[in-house]
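In what follows, chain A forms one complex with chain B and a second complex with chain C.
Moving on, here comes the complex of A and B:
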């Protein structure tokens, strides 16, 4: 083989992987990177989209949203909604997974529970929103039951009262999201070697000690991975909040996604909406990097 | 075997091609973007377009149809990129923004050139002196009264003033039975309750929320309206869940005998009948302030129409607009839509065949169309801002004066 031929062969081998990757790279570029870059560009323009010749605005739109108290309220609501959702998704998911993995429950009952517990996962966000709106409306079933058993004295406007609305939407989201944890943790539980528990039994360990020293450490990689993913996904929840409360009453359930939507499609301020979207992107990106680093470290 | 093309055949083919090509070039194709087609009986708008094409040889119409929200986004983007369709269906809430983008043509010169009778149009929407929209079909918002609930509550005379309305609402309210006098939807998801269920009280009495083209929310009309709504709320006559209630839920509550009165679109009459055929209801105009005897403003939503400033076929586009606004065609279109006509001379067929529509038509004819949000900048955003302040007031966090004052500041920033 001549020298020229050899270098040509080397080049071909070096280029080949990129050629194989090029369809995916093209699709990612067109469907993800290009829209992201466009939104970032819009956030630095005046009258983005609405004018054919938008002028450069610098950081003006970022300044405007940071000066807006509703933005900070939205950020706080987003954090509350997300943290509470993730914590309760994990707790409920763990309890149900342990229940479904337990030999103490009749296998038939376990199968029935398995179907029941996974039900919320089958509904779309719109259906979940409608279900909870009907259940929690002032004349709904929840108020009726709570009044009958004497927990509340009068009808509570769960979604319409500024005091309860954020807790109510968070509750609906918790109900909708725990099956992801439950299924993942159940798979993890079934992968823990029985020897660990047998050894613990010989040492006289109690149930809670086995949970703390065997089950949870064994499940920790799954817990951290799913929690991070859940955090990223929950932070971007839009339809559930939009349909149940529309961000109200009085901004009490305004989160970053509804805040951005209103800027874009109610105020037609697409420049500020883009700036707000970039802020969400940066937060999500931070969490994603954390997730990737964690996965690499494993 | 060889195949030979004779010169005569070639000549015939060339002549045929030329004829076809020139014929095709002579045809102007208008693009008409709107959200009406999906809301009308299948094929009915296309059939009207076919009739227009037959009456105007050389003009073809392509309908670009979609749901309301999609059409709105499509029109916003089209205006920005200069690709707006020749003829566009418009909502009054959009026209200010579109005009600011110079996306809509001024129809004044077209009306003058064609000697169009302006008096036949129910309302010409103008922005900066430019005639940018005609309402083709109007959906007015009267008060629906559940006559059975009214009779049970001892309301013998249907209210015509605000005080009478408050009294009737109080009588109809029986909270222990989940029955209320009035329903007010103020969901921030669709803040149109501000326009239809709150400001309608102002317009009904011939009043205005504006002064010299600027917001005047701190004026007596709006503050009085807010105080009136607050008094209804304080008296416990409004169905609970105001802050998240949507228009659909409002209608559902009325259909299910849970509220005695609601302000709603006439377009819902058939829906209400379908959902509860036994419901005994009547329509009345929105009650007015004590002592007012003038003409009543009728809140309305409309299917508007306008022409793109970027259209290369404005002359043909104007022909289509004229056609849809003409007496007979307009009557036909609004009969299909169960709406009131944009042409004052048009009479839809349902007003003679249906008692409720007939009565509403009388209300329509004795009043005037009033919707001050039409043509305002970012109308939906203005409604949202007012909505939030109204919610604060109803939650007891502020007075009607404070609500009006804060909303005024927010609105002024948008003007």
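Moving on, here comes the complex of A and C:
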């Protein structure tokens, strides 16, 4: 090969990966990075979008949302909603995965349960919201059953009472989200060598000791990865809350996504909405960086 | 330490497949017994039944005089080394070795003392804080041994523990395990498909085929007096050459050659006379065939053979030959017919032999080392 041919070949090899990447980079740039940069810019402007020549506002809009008690309530609700969802997604997902992985359950029943347990995953957020609104309405099935077995004395307005609305909407989200954990953990469980359990049997391990000393440590990479992803996704949940409670009653289910949406499209305060969106972005970014660092460390 | 006794042990799976059929085996206190056989012969199943990891369909199993058939693995006072080692990757070497003591709630100081002792014996002291992923194959193997030793069991069960190691390390670990077993004096049952491991490590070797025990004996007796053609073919490397021939008078006739048998052959095997005029299977090990042009082969009678290929190993030549005889299958499912149909015999020649592929030679046969089997039952005559 001549020197010219060799350098041409080298150049082609160097450029090729970037050519393959360019379509996706272009799309991400246009549909994600550009809007993100625009929102960040809006958060520092007065009357963003609404005026053609918005003036620079500095940190005014950030100051405004940090002074707004509804923002702090939303932040607290978001954290409660997210933490409870992730913890219960993981707990329920783990219990179901362990059940589905157990040899003690009849294989046919296991297949039926596998389909049943995964059902919530097949529904979109809108359908889940509608199902739970119907189930939890004052004259719905849940109230009827709870009254029949004597847990509640009178009908509870689950989504309309400030005392119960946040718990109810969190419960609906837990129901909708555990299958991701279940499927991931089940795949992980099936990958744990049988020898580990047999060696533990010979060493005299009880069932709970095998869970603590073998199963959970072996699943830890999956548990951490999925928990972080679930945390990031759940923090941004909008349709479920918007359709079930709309953030009410009296802000009791207001989360950062509904708070931002209302600022933007109810109050038309796009600058403040942008500032709120940037706060969500920063929290998500922090978690994402943590996730990436964890993945790299592995 | 304890005696392990298996009486009429059977293992049948749901599809009526008999993995083990009427296995009777008695392993003496402190003995090193090897269970050997080709793939699927039931050796690992037998070991797992002793460990309690597989249910026994019928029969009795005693460890140290106690019937353990219905006992869970933890109560059988055994320790097992797995083929994969089953080391927990998230635990350090120390934690892996101390795992059973931790489960038993032993104090930390006691755990440390015991693990330190074992680590010293196994030369693992500097690796106690390492994770299994950072260890070499041989070191992992030693950790697995340490985990078994820490329990001070009545018996060690080892399921092909060297099969994941490269050939060189396997030789070294073979010697290490053997000397460790002698040092500890613990009854050991060791499963392998590698007949070299079987011959070099065990006090006695039990050969299994299709779930049926074929022979249990010392390595020397297995080699010298196999009870049937399967054991004859399975023990020894390369395998014994087995051919069909007709016994006429004191001669074995096969195709264009005849091998004259000495009177001693008939004295040693009185039953051989009854095969006069009939077909018989005869076997000869590769190391008992010689190059007739060399000093070592001059004293033996010769038969014609054609050299098909040669493997020069430095210390010896493995010579693949074709002789005018019908080869008999020993029944070893793992055996590979050498080079298709081109050769039907293997010989080990001294490295000074100058035979080359394609040459017609006279093959010297040490007729005192011939083995004879019934052509129907393949049982030794």
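Methods note: the second predicted complex is superposed on the first by the 279 of 298 C-alpha atoms of A that agree within 3 Å, B and C clash if a C-alpha of one lies under 4 Å from a C-alpha of the other, contacts with A are read in each partner's own complex, and residues count from 1 in each chain.
Assume a contact is a pair of C-beta atoms (placed from the backbone, for glycine too) under 8 Å apart; a residue touches a chain by one contact, two chains touch by 3 or more.
Quick caveat, the model's predicted, so the values are computed rather than measured.
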So if we stack both complexes on chain A, do chain B and chain C clash, or do they fit?
-> fit
Scan A:245 for contacts with chain B and chain C and give back first, second, both or neither.
-> first
A:220 contacts which: chain B (first), chain C (second), both, neither?
-> second
Angle at the Cα centre of chain A, taken between the Cα centres of chain B and chain C once the superposition is applied, in steps of 10 degrees | 150
For chain A, which side has the bigger count of touched residues, chain B or chain C?
-> B
Where does A:95 make contact in the superposed view: on chain B (first), on chain C (second), on both, or on neither?
-> neither
Would you check which partner chain A:195 touches, where first means chain B only, second means chain C only, and both and neither mean what they say?
-> second
Is A:267 touching the first partner chain B, the second partner chain C, both, or neither of them?
-> first
For A:40, decide between first (touching chain B), second (touching chain C), both and neither.
-> neither
Mind working out whether A:211 is in touch with chain B, chain C, both or neither, as first, second, both or neither?
-> neither
Nearest CA pair across chain B and chain C in the overlay: distance in Å?
-> 50
For chain C, which residues count as touching chain A in their complex?
-> 51-53, 72-74, 78-80, 82-84, 86, 88-91, 99-100, 103-104, 147, 151
Of all residues in chain A, those that touch chain B in their complex | 49-52, 133, 137-139, 155, 157, 159-162, 165, 242-251, 262, 265-268
Per the touch rule above, chain A residues touching chain C in the complex are 193, 195-196, 198-206, 209, 213-214, 217-218, 220
Provide the residue numbers of chain B that touch chain A in the complex, in ascending order.
-> 73, 76-77, 79-82, 97, 101, 178, 186-190, 240-245, 258, 378, 380-381, 384, 387-388, 391-392, 395, 397
